[in-house]
Structures are given as C-alpha cells and as structure tokens.
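Each of the two complexes below includes chain A, the first together with chain B, the second together with chain C.
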Partner chain A sequence: MTIGGMTDLSGTDGVRGEEASRKELLRIEGLVTRFHTARGTVRAVDGVSFSIGSGEILGVVGESGCGKSVTSRSIMRLYDENKAAGHEGKVLLKGRNLLELSKSEMRNVRGNEIAMIFQDTLSSLNPVYTIGNQIAEAVRRRGGAGKKEARRRAVDLLGAVGIPDPERRFEEYPHQLSGGMRQRVMIAMALACEPSLLIADEPTTALDVTIQSQILQLIGSLQERYGMSIMLITHDLGVVAEVCTRVVVMYLGQIIEDTDVRTLFERPLHPYTHGLLRSMPKADRAREGKLESIPGVVPSLHAVPRGCRFAGRCEYADSKCLEEMPSLTAAGEGHQVRCWHYDRIGREWGNGA
Partner chain B sequence: MSVVMHNHTASDRAAALNEARLQYRREQRRIAWRSFVRHRLAFAGSIIVFAVLLLAVFAPVIARFDPLAVDVANRLKGPDAMHWFGTDNFGRDTFSRVAYGARISMFVGISVALITGVLGLLIGLLASYFRRLDYALMRICDGLMAFPAILLAIAIVAAMGPKVGNVILALSVVYTPNVARAVRSVGLVVKEQTYVEALGSLGAGHARILFRHIAPNCLTPVIVQGTFIFADAIISEAALSFLGAGIPAPAASWGNILYDGKMYIFNAWWMVVFPGALLMLTVFGLNMAGDGMRDLLDPHTKDK
Partner chain C sequence: MLAYTGKRLVSLVPILIVVAVVVFFVMHLTPGDPAAVMLGTEASQADIAQLRHQLGLDEPVLAQFVDWLGGVARGDLGTSIFMKMPVSQAIAEHVGPTLSLSILAQLVAAVLALPLGILAAKKRGTATDQMVMGVSLLGISLPSFLLGLFLMLVFAVELRWFPVSGYKPLADGFLEHLRYLVLPALALGSMQAALIARMTRASMLEVLNQGYIEIARAKGLREISVVFKHALRNAFIPIVTVVGQSFALLIGGATVTETVFNIPGLGQLIVNAVERRDYEVIQGVVLVIAALYVVLNLIVDLLYGLIDPRIRHKR
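Coming up: the complex of A and B.
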C-alpha cells in the first residue's frame, strides 16, 4: 500500500527505525478473524489490510455487520481466543506483531498504546463508581501516579475534554451525566493512558446531531494536541468528511475501497461507495422524492457469495462479477478499489450521477 | 514566592474537591435514609428485626431469671407479673428462655446470612465470569439444591454433632447455592456490559474486572437474598432444634423451647405460643425488610 501526502504532526512519540516520509503507526496485513458459531465457522474479517500513519485520523466506514467493529476488537485482541475466535495475518504496531504477543504483553499494549471508546456511553461506564474515580483508576493503571496525583490528573483530564466545573463533576455518577458528557468522560479515560492510537467505535452514533459535532471537534482538537492517531469507526460519511484524513470502506468483512477523504467524495470508484454517498441526506438539495438506498441486503457470513461480495446488490454486476472475486487494486495515487469495473463506474460518477 | 502561591492554590483546590465529595456523600446518605423511612414495609420490618436484636443483645439485662435455673415449686405456671411468659415443666422462666433463645436464633441467622453472602458472591462471580468453572460450580449447586434443605442440614449436623457452629455450617452449606445462583444470573448480565469490554481495552486484568468492577454490581441480590436467608436460617434452626438435631438442651433456643412445650401444649399453652409468636414475628419482619430492600435497591422501582 502506498500512501503519500500525509502530514506528520509534531509531538508524537518517536517511531524508531522508520523512514521519514510517512510514519506508519499501525499496519494490518491480511487480517482474518474467524468466529466459531453453532452454524459453522464464519470469517467476520476476511483478509483486511490497511495502515494508519502517525497523527492520522482514519475513517472505517461500512454498514452494520461489515466487520469494522470486529476489526477494531481484533487489533485489541478483545475476543476470547481459545473459544470464540481465531486470528490470522499480522497486526503491526510500531513494527511489533500484536497477534504474537503473550497475554500479559498484550495487556500492556491495551490502555498504554491503544485505547478505545465505544458507542454506548451509558454502559461504557461502571454505574457504581463516580466518573472521577474511573478516570483516576485509568491514570493509575498507566503507572507512576499516587492516589492524590491521579485524582488531580483526572480533574485536569475532565477539564481537557471540555467538561465544565470538573471538580464537582468528578464526584458524579455516570447516570447523572448526559450522553455527550459521558462520551467526553470516556475520551478522558482513553487520554489518561496517553495512547498512540485511539480506536473510536461509532463514538457519535448514539448522540444527537449538535452533540455529535461537538464530540467530533473535541476528537479532532485532542488529536492535534496529543498527536495520537485515531481509527474512527462509523457508518456516517458526514462524520468522515468532518474529521478524517483517510478512509477505508468495508463490505462483508473485506475492504472494498481505500483512499483519502477528498478522493472519496470527489471520485469514488466502488459502486458500494457510490451507494453510500447517494444515500446521504443533503440539506442543499430540494427534497425530491425518497432518500436513495442501496437495494437488497448484506448477504449472511454463513453464505458468502463466490464472486464479488457486492455483486448481488450492484447495478453494474455482470457474469464475471458473479464468478470471480476482484482483488484490491491500485486505481491511482493512494487509492485502492476492489471492483472489476471501477474505471467505467468512476467515470460515470464524474458525469453527475 | 510563586512556588508558595502554587502550592497554596493546589491545596485549596484539593480541599474544595474533598469538601464537595463529602457533601455529596452526605446528601446521598440523606436521600437513601429518607427513601428507606418512607418505604413503610422496609421500615416496619427493620424495626421489628431491630427490636428482636435488642432483646437478644440485652437478654442478660432484660431477663429477670437465669434461663437454666430450675424451680420445681413453680412448674408450669401461667403468665403473671413475675413470670411474664409463664414457666416451663422445670419451673424455668419462659421469658428468660425466649430472650436467650433470641440470642441463638439471631446469631445463627446473622452468621448464616454472612457466610452464605460471602461464599455465594464468590462462587456466583466465578461461575458467571469463567465459563469452564461455571459448569462445575453450577452442577455442585444443583446437587446441593436437590436435597430437601432440612434433610441435608440434619445429615450434616448428625455427622458432625449438634453444636451451634455445626448448625451454622450445615445451614450455610444448604443456602449458599441460592445466593450463588442469584449472583451468577446478575453477573452474566453485568459481564456483557460495555464497561467490562472498555476495562479490558484499558488493560485491566481479570481479577480487577471481576472483583472491583463486576462484584459491586452484583451486591443487590446478595443483600436481598441475605435477608431472606437470615429468616430461613432462623426457621431452619428452630426446626433442627425441634427435631433434636440443633441446639442441645439445656441451652435455650426457640426450637427446643417449642420441643419442650409440645408435650404440654394442652395444659401450658404459653410454652408454645410465646416462642412461636416471636419466631413468627421475627421471620415476618425479616421478610418485610427483604421485600422492601428489593424495592429500594431495584432502580426500576425508585422514586416510589
């Protein structure tokens, strides 16, 4: 994968032994995640490869069940590997393959190098402890801080994520805060660890629109301030447009398009990406009829189509698409797409589709 | 100078923070107390239990006679100003015996509730969190629950000898599976909450997640079940003593007072009625308190 033109932000931890052009923080190669279910083994993530540069905000886009959340949890190895899941491929964080680490080494990676925030803000916090206690605990896990110091740091962090009157808020329980405030608390907990990578799994999906943009702005500004990389999982292309620098589009466990944000909106190549873009509501366009949607449903992971996985729902699909699976091919500078007909399809988008 | 200033503001801030925390806790306690008092069932039940507890603790002060002192001249006397609850077939003061019996009953009840609470919480937590342990632990619980409780308790006491300690042990064995099952079912739900995953993503280990984060969320069933087990243990102790497998004579327990009274039920009703009534009242109070506790601790019935 060649990705150029990325700006590296100062203030990141030095990545040793890397060339200067674009410091790669995380590189995933051929990641497969299998789940053993009653109906057989499924490959929820099927050969995913991408990378995140230092200080980059990568959007991972796709509809429910496409494997974007599974990818993030596989990076963190949050699945019970003995029973539920099996991994293949490589997850290289600063050159170290996380899939080969021992359990205790992996525990050190979690929270120290990678932190995660979740969609459901209410159940993401333990209801029996005050938010301050929970942040202080995260600070202490990072090590080096005594109880008082951790408490002070927690108050600072609450302030840093834009919670007014942090000293009072410290004493409040999760249910006393609004969803947006709780998401800020989650972000503060993640920041407590000073991670080099923050995985945000649909951080704004459960929030209302005005709060959404506040949280996104916060994430953007914290990224600049702390210089971490962010993997932002979302199904909302509006979110992607607002904060991301690069985008990976996933469909049924595979990456189908990988490009920078500008290209995604200006010259998307995959018909599925087109569908996603067309199904976005637009404020400036008069309401003529219904919102567009992609016809059909995502096939089950238990019965993955032989050819292109999107063929069944694609208006361009021909017999080749049904028979042979296209591979992820370079379609331009830092632009990859998994489609037999991307050339033609891309041109059509340009002609005002 | 500036360093001093900085220290000053930092300590000020810490003090303000601490004050805010204490104030908040006070307020929370006040709210909790008020909702407890307003909940008539819980409040009334607790008052009954508290009264019996006082009777037990202050039995040596309240009782006017030695519960073991035999007075042949005053056998089977009915209740009067001297002997409030009458005397038994040895002329012993029934009120004193009931008061001392309360000590045994409350001691057994509290001990069994505490032991089953701790053990049940531990077993339930482990079973809910570790799937492999779950199967083994739950089959053991199933096995224990398959026995009629009183029969199992009798067997244990019979094997180990009738002593207070053995009665407590036997009843703890009998009731622990109930708590373990209740905790497990809550633990299974709590385990799936996102914060458990979030803790994992922060690098927390199993012990920390289970005991620091899941355990406090599983305390409600322990408290509620504990109250009911307290009541059940009192009944079971009485039943065991009544059957001769509990507290051995001449020590007084509600069960063996009832046993002694059984022979004289037609000519000395007070030997059966008073300990029986107190037993009933205590259990009634505990059950009311337990029901109330369940309401008060259940977030869905709050603000009632």
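Coming up: the complex of A and C.
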C-alpha cells in the first residue's frame, strides 16, 4: 500500500463554508483507492474529499459502481488484505490519519471508533455462529468484559435495537431470523463497539418498504441516543430526505456535489443530481408521465473520460466539458459542485426546469 | 439428531444387500474355479468334480447365494477355502494394518494439506500460492507406488531412517508400529494431501469473499481469528466431504501401497483371494469395505450437521 501525500487536491480547493459550531469527526482529503486488475489499474475512488461532523448523518449517494462503497471500505481499511488495492490521500479521524496507522492500531479503530453495517444481512452474519455469539464477540473485542458480562451486554443491545425476547434470540442463528431482524442484529453488533462513526452501506435496500422505514427510524433514534455520526450510503434519495443532514453525491469515483439536504432538494446544481431527483417516483407527479431516467450508462473505470466524467450523458455538455475536468467549486454556503455550468443550471432549475 | 442417525443406519441395510448381490454374482459368473486352482494343473477331472461337490460349488448359483446371504445375515461370512479359517477371522487379522495405515495416511494428508490450503488462499496469486498449487498438482499426478518406491530408496535404503518394508503390530510398541508405517503413510497420503489442499484453498477463497468476513474485520478482530474462527468453519463442509471420501478410498485403495511395502493388510488379503478364487474371502472383504464406506459417509453427514446449524435445523 502506498500512503503518499495528497496527489489530487481537486476536492479541497473549494471554500468550506461550514458554520463554526460544526465539529469535524472525520475528514477525508484527496482519497484515492486504486485496484490493479488484469486490464490495468483503476481508480475506484479518485480524489474524494469530504467531512462528517460530530453527530451528523451524512448521506453518500450515487449509482452502483460510483465508488461510494469503496470509499467506506477504504475508511475502514478493509482492503488491507487485498494485495491489489492501494490508497493515497488522508483519512483523518479526530485528526489522526487512519491510512498511516499500523495494522493493530487500525484494529482498535475498527473495534472502538468506527463500525459498519451492510445491505446483505444474510451474508453479513456468520451462518455457523449464533447471533449472540457474534455480538458478544464484538463486546469482548472492545475489552473489559468477561464472558458473562459480554452476554448480558449483548442481550441488552438486542433489546435496544427492538428485538423482542432478546434472551431467547441470543441463542438463534442468522437463518432463523427475518431480514429486518437480521439488520437489527447487525446494528446491535455495530453498537457493541460504541462507535463514534457508524458506516451504513445501503442498510435498507434489501428490505421490505415497511421494514425499511422501521430500520431508518431505529438508526435515527440510536443516533440521537448515542450521539454518533453516521455515514449512510444509499442510492435512494428518499432515504436521504428522511434521515440525513448533509449529502455527498458521487459519480464515477468523484464527488460531484456536496451540500446540506435542504439545498440538495431545493437548489441542486449538478445535472447528475437533477437526473437523480427527476428519476425519483413521486406520488403527486402526473401518472401519465413516464418515470424519467438519466440517458446513457456510466462509463467503465477502465475508460474514464478526459473531461467532465458526466459529459457523455449530460444535456448541458459542450466542448469544454469534454476537454477539461471541472473541479469541485464552492457555489454557496456549504455547497460545492463539480460542473462548468452550475450557474446557469441553478438559475434554470429555479425557474422550474 | 439421534433419530436421524438411526434412520441412516437402517438405510445401510439395503445398500449392503445390493453390494452383496453384485459382488456375489460378479465373482461366480466370471470364469475360474477355486477347485481347479486348489488341486493344481495335474489334477484329474474326477478329483476336481469331487472337490467341487465337497465345497458345494456344484449346487445351483442361486442356492449358493441364498446359503451365503443367510450366513451373512447371521454374521457368518463363511469360511476361506484356502486359509481354512472363518472369513471374519481372516478379515480381523488383516484389517488392523490397513486401518492403521489409512488413518496415519489421512492424518499426514490433513496435517499437511489444511495449513497449506489455508496459506495458499490467504496468499492468493503470490509465489507461495503458486508453489503450493504446483506441488499439489505433482502430488495428484504421482502414482503412490512410484512415490512409495522413491521414499523407500531415499529414506530406507540410503538414509536408513526407516525400515524398507514390513509391518509391526501395535502390540510391539507404538513407536515401532509407527516406524514401519511412516513411509507407506507418506506415499499413500500424498495424493489425499494434494486433493485436500486444493479443496481447502478453493473453499477458503470462496468464504473469504463473504460479507461476514468483512464484518469480522470491521469488528476489529485479528486476522487469525477472522481466518480460523469465521472463515475456516464455513469452509469446512467441502473439506470434510473430501476427507471422508478420500478416507474411504484409502481403505479400499491401500492395496498397491500394501503390496509395495509388504504390509499384511486387507489389500494383501484380497489380492491373494482373487488370485486363488477364494470366493468367500473376496465377498467378505468387499462387503466389509462397502460397509466401512457407507458408515464413513454417514459420519461425514453427521459432521455437516455439527459444523453448520442450517443443515442441523433442516433435519
């Protein structure tokens, strides 16, 4: 793994207009994650910079393959065992660069500071151990707890995430639970670390709609109760609207828009964000109108466009867009966008475009 | 679990009946006559006929079969025509060396193969991985008798660390017993080791890609406990399958190695029996090996349930 300096600063050149009271928990600067493949090296995450405030719920939005999951796994350094992966840039947790920590220091960060939950709850829980065993393991990993104490704590956690009859559930295996229950178990396991940051990678995508909102409510209430920050990865803007305070929109390994949730829905500036918003189903939208989709497909990471990465699918694209990559630019209070034409686009959207 | 085990044991019976039918008729329908073999080439037709009558070989095949099967059902495998002793006694005398050899060979195989397979999976794509896979390919390709002769030449004839051939029963002391078995066990176990190493690697690679491995790492667990607690147990099902099957094959297939190292096991017993058309012995040995095979499969199935609660709960 190469831990170099910041090679791509395109993400940090904007003015960060955050309110002074916002305390940063995690700050990512120019993060690059490379994978060596048979067809050459790809940069799945290409110069990503953003920050998460303490107690903030940050939404990371984008289509599959945009690098949102790779970003989260890079923060956790889950590619350490993958010889083909490498990082550049900085991942600063409370000022400490995680990419420079030793493996054992990083293990402590994982067990104590950052926890993670995934979309696929069936494959995320080990099928051959009871859920209690797996939660107690996380409790004991944090240290200080004996076997009995860890069990008691695990049962408490199961109760805290709304699992009925936690004493009995403790002894059950993942396949005996429903998807929603398994996601609750995952959350309980994450809480066992008492993390200051919870990374939730599409936590509700695989669940029924009714269960989805239950899980989102649970995540929201736990955030309030434990005061942790949450990085919520999703492709569903509805989820973002429901729980997030800030949003980062990613496209092909880069951040293309970074703003608070209100602004994202009221005055989005990037044409890709517009596309995402337009392709959201809405109850009040006329039924006859087809659900809009963004034309074209995401280019392959093996053939990244030279200019703006979205240019090939963008109705505003001109020759400049095809030639030169725009940088992430401040477009207002706490609002950054990576587009040459955001000014015009912003005005048009305001006029009901 | 208990009921399941009982059910499986009962289902053993029809399998063994089928084996009994097949082995009996294959033996009796192939040319060759134990009476002729016994009396040698000089014997007259009349002598042979008389002996055939004595041995009951002149009766209709079906009558012989019913007679034999009736005995088997009562636990009587018949009497060896040549060794002049009950078949069960002959088997009891020869099963020890074969079991010792097979168990030791399988132990050698597992001890070599599991760590190497896990290592290769962890170091996927590196020189270590390629070396393990290369050596295991060699292990699969090399016939065990060739490896046996080679081991014998180097470690017994040249270095004199081990005896060249022969067998000492456990009663002569464990170490002495072991000393005679090391080389044949290595020869016999190497192919199993290669198979198990490959299966372990493939199975581990699949498991290491699972979400719960990522979660285990995300929990801050050490890589050791990620691999040995979370991955290995999940990777075990195909590994146990291969170990079980190859163990059964070992018992049946130790013949060649037993011949090379002159070990008086079931292999030697059956080779001699076939040469002499000693029907009862052949039938008895095959039946016993088949029973062992089925029991081993049952044990493997029960292990599945122990390893994986999903299988346990389905029953």
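Note that in this section the second predicted complex is superposed on the first by the 329 of 353 C-alpha atoms of A that agree within 3 Å, B and C clash if a C-alpha of one lies under 4 Å from a C-alpha of the other, contacts with A are read in each partner's own complex, and residues count from 1 in each chain.
Please note the rule applied: contacts are C-beta pairs under 8 Å (C-beta built on N, C-alpha and C of every residue); 3 or more make two chains touch, one makes a residue touch a chain.
Remember, predicted model here, so these are calculated numbers, not experimental data.
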Just from the overlay, do chain B and chain C fit on chain A, or is there a clash? clash
Tell me which partner A:Y342 touches in the superposition: chain B (first), chain C (second), both or neither. neither
After superposition on the shared chain, which partner residues are touched by A:F310: those of chain B (first), chain C (second), both, or neither? neither
Looking at A:M116, would you say it contacts chain B, chain C, both, or neither? Reply first, second, both or neither. both
First, second, both or neither for A:E81, with chain B first and chain C second: second
So, does A:S124 touch the first partner chain B, the second partner chain C, both, or neither? both
Which holds for A:R152: it touches chain B only (first), chain C only (second), both, or neither? first
Report for A:F50: first if it touches chain B alone, second if chain C alone, otherwise both or neither. neither
Look at A:Y251 in the shared chain and tell me whether it touches chain B only, chain C only, both, or neither; answer first, second, both or neither. neither
Go through the superposed model and pick first if A:R141 touches only chain B, second if only chain C, both, or neither. both
Chain B and chain C footprints on chain A meet at residues 76, 78, 83, 107-112, 114-116, 118, 120, 123-129, 138, 141, 186, 189, 193
Within the complex, chain B is touched by chain A residues 76, 78, 83, 107-112, 114-118, 120, 123-129, 138, 141, 148, 151-152, 155, 167-168, 170-171, 186, 189-190, 193, 199
Residue numbers of chain B touching chain A in their complex, please. 10, 13-14, 16-17, 20-21, 24, 131, 193-195, 197-205, 213, 216-217
Give the list of chain C residues in touch with chain A in this complex. 122, 124-126, 210-212, 214-223, 230, 233-234, 307-310, 313
Of all residues in chain A, which touch chain C in the complex? 73, 76, 78, 80-81, 83, 107-112, 114-116, 118, 120, 123-129, 137-138, 141, 173, 175-176, 186, 189, 193
